[in-house]
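Chains: A, B, C, D, E and F, in written order; residue numbering restarts at 1 for each.
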């Protein structure tokens, strides 16, 4: 009898708090978005599952001694995002960007979303009940980088309490890129601009591809050492792939290793989706600012492309500017799709890949600035 | 000269204790069983090797600073069994069980072996020299779950000192299922019963397969949160596989990740096969109780199937009840084989897979009960 | 403005020390050797990259809290070299050695390079400014083992400060085997000797291949337990491969697991290439002694083969003695190549594989001696 | 000792009860779910899926065509 | 210093002795094992293996047949 | 509060400046590298590579021939 009572008192039904129930629903919502809607499933599925597991009463899976507690160390120590970045580097082909380097500036412009939403977060302090420090604001702004590992890395350093909301916002908006970007792109461009055909990309030699990650690393060492953990691991992965002499390492980095770390990282991020941390007005602010960041980043990229088009001797279709936010390769595909709507023979995909991967570099640089200037 | 003496004094021959020699022989025996007899080689080979390594004098491979000492943390912290369970979940097809859900009850009945041997362990306290606490008894009983990671997880929480013996017993008896089960199955069934043909299984939709791990998780959250670490990771693996949108994660979970963890887990379990811990009368008790647990579990499953056959409108071959102990897929194969002996056209394999995977759920639930009620 | 100044003060340019610049150049040199010259790229590429990353000012990637700091624990605790050794064991085929066991003695003779350079290191103490302890000398000597993980394992135990230089020397000279060995081999042999054709190797049964790793382990347990961490993990890998019942574990050990650990180990070794540790006269001594070790090891192997050829009833081509240094499979290929120069129909490759893998065992045994006798 | 046995017996009763209860509830829920699915999203689900897959496939086909064309264009000139 | 050298020399002698001893013993044991195997479990081993493998293969064939049939039966009706 | 905003604004200016500066420098360096490569190691690089690859390939062919022959010889007798 005693046993039965103690058992009843140990059931989830007996111990649930409203917050836990709500967060578990958020977890199921993320699973639904991942599985049924195909929203960045590789990350939202483990994150959603982690959210469910960490909000189970009694079990304590994300408390000391629980699995998610240990996995979270991989984020806390900055290991998981860097290993993922290495894998992403190994998967990235810089060819289209090297063929048309000026598209790098589009990747720079789109980072304006980061700093605009940083400012927005600070402005939201005017709203009663909201209080974002500069560190919080910077971590929120990085959502605009449209790059998962970078966002998680920066948030884990500057505002670990907001990590869950920031990661969810970042991956959700990355999945929503095909919905968020097109109206902005159409609003800021004329039909004539969207029809612009671009020159074919020149051939890029293997030597250039091998040298590029080293040049990138060198520049970030000289100018912005605080960005080198991110840029360095990205360059390592890219070099392993482009050099052609360590294929077995490159393959493992972009397959098994990144898969293992992705499962662990997703679960660990999910473990930060606790009721206390997530169910705050802050979270609404973060979600709103994230959307703003994506929108402003997209707009900045497009406008920059329009400016460049005016001054460039070769034509630039402004649509590819939107790809500068990163969100590889989704944003580049969106640019391609909108371009095809205006001109069914105009394939912008390769041209958009340049600003797209440049956006990854741009957000890593922006992350370095934030990490270096904010104490 | 001094060197030579100090070298001689550092040889294994000089430093061996009788216990170490004996445990090393146990290690070699496990290797023999794994390699020559094909007994669960994926685990008994690393366990046997770990037993040898950890009983080498002087080297201290399982003492602080040694490799096996570090690997053991993966068990101590509960990480390895849960990762293996995730991989097993990804490999498991719940289709046959979902097509005939009432076979779940067979998986429930077979868990009687767990609690019977728990009681048996307590009864053995009457034997002078044997002293099992309630925690010990529960850890021993879980051998009857016929599920490796569950047994290791429970033993690491309730009775880490007995972990080595319990893991060895669990995997050995799982390998011995084709010897242990048939006589019991034959004794408890008539020839006519063994000939019973079962109805073909209905089609199970993809949606059902996707929803099942979530339903399973939800139920264990509501009723038995203490089972959610095990059930949760199992459900995660199963969902990753059935949902179809994260195939690369599912593949890694059921291949490279589970392989890596299996090597580490096996070695770490072997490191618990030290002379002090293993060479006790307790171990004989554990081995005896393990056999009892398997036998009782098998019998309970068969008897439950006979009862269900009486009340069910569709025929149930009692042989598939034996598969309820888990030991996937060995027990299901045994049921199939015994069935073929009586009726060469009666393929019970698919029907036996239902109770077989139900047994995994059943033992995870039983583990949750033990972890929740025993303080 | 303040921001700009603080940013300028956080640039790499502002903070560089001469030593860091120099070490970074060493890093780039290693990358060049790995990529352009094909020098052991699987290790020199990650090591070189690690050297660059760990010498970036401000970023602190190899200081507490940085990625390389954490990865280095895998070496400090002895985990990474042992896992690599397990993978190497799984890749090694002892067939040719078992077919002609007396070639094991060639693998023994070639270890003379280890002890000769150990003595050389102690002799270098006569040079003012150089000071090698017995531990340092032993760690340096092990370069002559021509086996990467063994060198790293021993150096991490005996002289962690010299680890970077020792690892770089070991892998560089292993890559240089095709340059270092041929002149020595030619100088010590006559044309007639180089033409010697060897008897075809006998068939080796599967049972022999399964038993060998166990025999090897048993012998090292009885005689030299201090060598069992290395020998044991090597034997485990080899047994997993030869026994044929745990192929999925063996495949993972020799592919994904070893690849992951190789990346981590390389980066972690690179993190020991800091200016303070590397830019010392000691390093020049280490590089010189490493070359001496390889040369003496090669010579000892060849001379031993000449002696054995005199007393053996079956002919032994002295060239295969050079393969006794290990450096698998490079040294065996060199022996084959030099043999072909004198006799275009004389394929020594298989015959040289015997001493080649024997050299791995020989250096692991030598490592055991050093670890056991040096306190 | 007898106390230990009695708590063991209690554990057995509670344990088996819960295991049965749990798996029996699972049977009920599975049956209910299966009925709900076949009633409310029967072939609809399948067809809905098929449609969305088809849409995706089409979209993908477009992407693939675009990518192929772009790659082709890009490579053919070098 | 000279003490250091002398302990180094001692180490060299002990070390090379042990390495040779160890590998020489390995030669002896390998030869012995190989002879034992060819004498006591020569083709017997092989044939024993072959038989057991064959049995396994047969058993497996049965299993595979059973599985195939069951799967076929299961699928053909859906 | 206003102080916070002003440091945010400063951060924005500094940040965008650095991001642009960094990527602009990257543009310059990439262009320079590309020109250097096409000027100083144009097809030379390619041909140099090809030669060294060829040498490697040849060497490898020799090795492979040797290995194949050795393995063949080794196996054919057993």
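Just so we're on the same page, a contact is a pair of C-beta atoms (placed from the backbone, for glycine too) under 8 Å apart; a residue touches a chain by one contact, two chains touch by 3 or more.
Remember, predicted model here, so these are calculated numbers, not experimental data.
**Student:** Hop across touching chains from chain D and tell me the fewest hops that reach chain F.
**Tutor:** The least step count works out to 2.
**Student:** If you check the contacts of chain A and chain D, which chains show up for both?
**Tutor:** Looking at chain D and chain A together, the chains touching each of them are B.
**Student:** Taking each chain's centre as the mean of its C-alpha atoms, give the chain farthest from chain A.
**Tutor:** The chain lying farthest from chain A is E.
**Student:** Between chain C and chain D, what's the gap in Å when you average each chain's C-alpha atoms?
**Tutor:** 49
**Student:** Between chain B and chain E, what is the separation of their C-alpha centroids in Å?
**Tutor:** Roughly 27 Å, centre to centre.
**Student:** Per the centroid of Cα atoms for each chain, what is the distance between chain B and chain D, given in Å?
**Tutor:** 25
**Student:** Give me the residues of chain F that touch two or more other chains.
**Tutor:** Residues 11, 14, 18.
**Student:** Of all the residues in chain B, which ones touch at least 2 other chains?
**Tutor:** 3, 7, 38, 223-224, 256, 369, 373
**Student:** Assign the assembly's chain-to-chain touch graph to one of these shapes: line, ring, star, complete, other.
**Tutor:** Looks like something else, not a line, ring, star or complete graph.
**Student:** Please give all chain pairs that are in touch with each other.
**Tutor:** Contact pairs between chains: A-B, A-C, A-D, A-F, B-C, B-D, B-E, C-E, C-F.
**Student:** State the interface residues of chain B toward chain A in the complex, per the touch definition above.
**Tutor:** Contacts found on chain B: 77-79, 82, 86, 210, 214, 217, 221-226, 228-229, 232-233, 236, 239-240, 243, 245-246, 248-249, 251-253, 256-257, 369, 372-373.
**Student:** State the interface residues of chain E toward chain B in the complex, per the touch definition above.
**Tutor:** So the residues of chain E touching chain B come out as 10-11, 14, 18, 56, 62-63, 66-67, 69-71, 73-74, 77-78.
**Student:** Which part of chain F faces chain A closely enough to touch in the complex?
**Tutor:** 1, 4-5, 7-9, 11-12, 14-16, 18-27, 29-31, 33-34, 37, 41, 45-46, 49
**Student:** Hey, which residues of chain C end up touching chain E in the complex?
**Tutor:** Against chain E, the touching part of chain C is residues 98, 101-102, 104-105, 107-109, 111-112, 114-116, 118-119, 122-123, 125-126, 134, 137-138, 205-208, 211-212, 215-216, 219-220, 223-224, 358, 361-362, 365-366, 369-370, 373-374.
**Student:** Within their complex, state which residues of chain B touch chain C.
**Tutor:** By the definition above, chain B touches chain C via 3, 6-7, 10-13, 15, 24, 28, 31, 34-35, 38, 41-42, 45-46, 49, 52-53, 56-59, 61, 65-67, 70, 255-256, 259-260, 262-263, 267.
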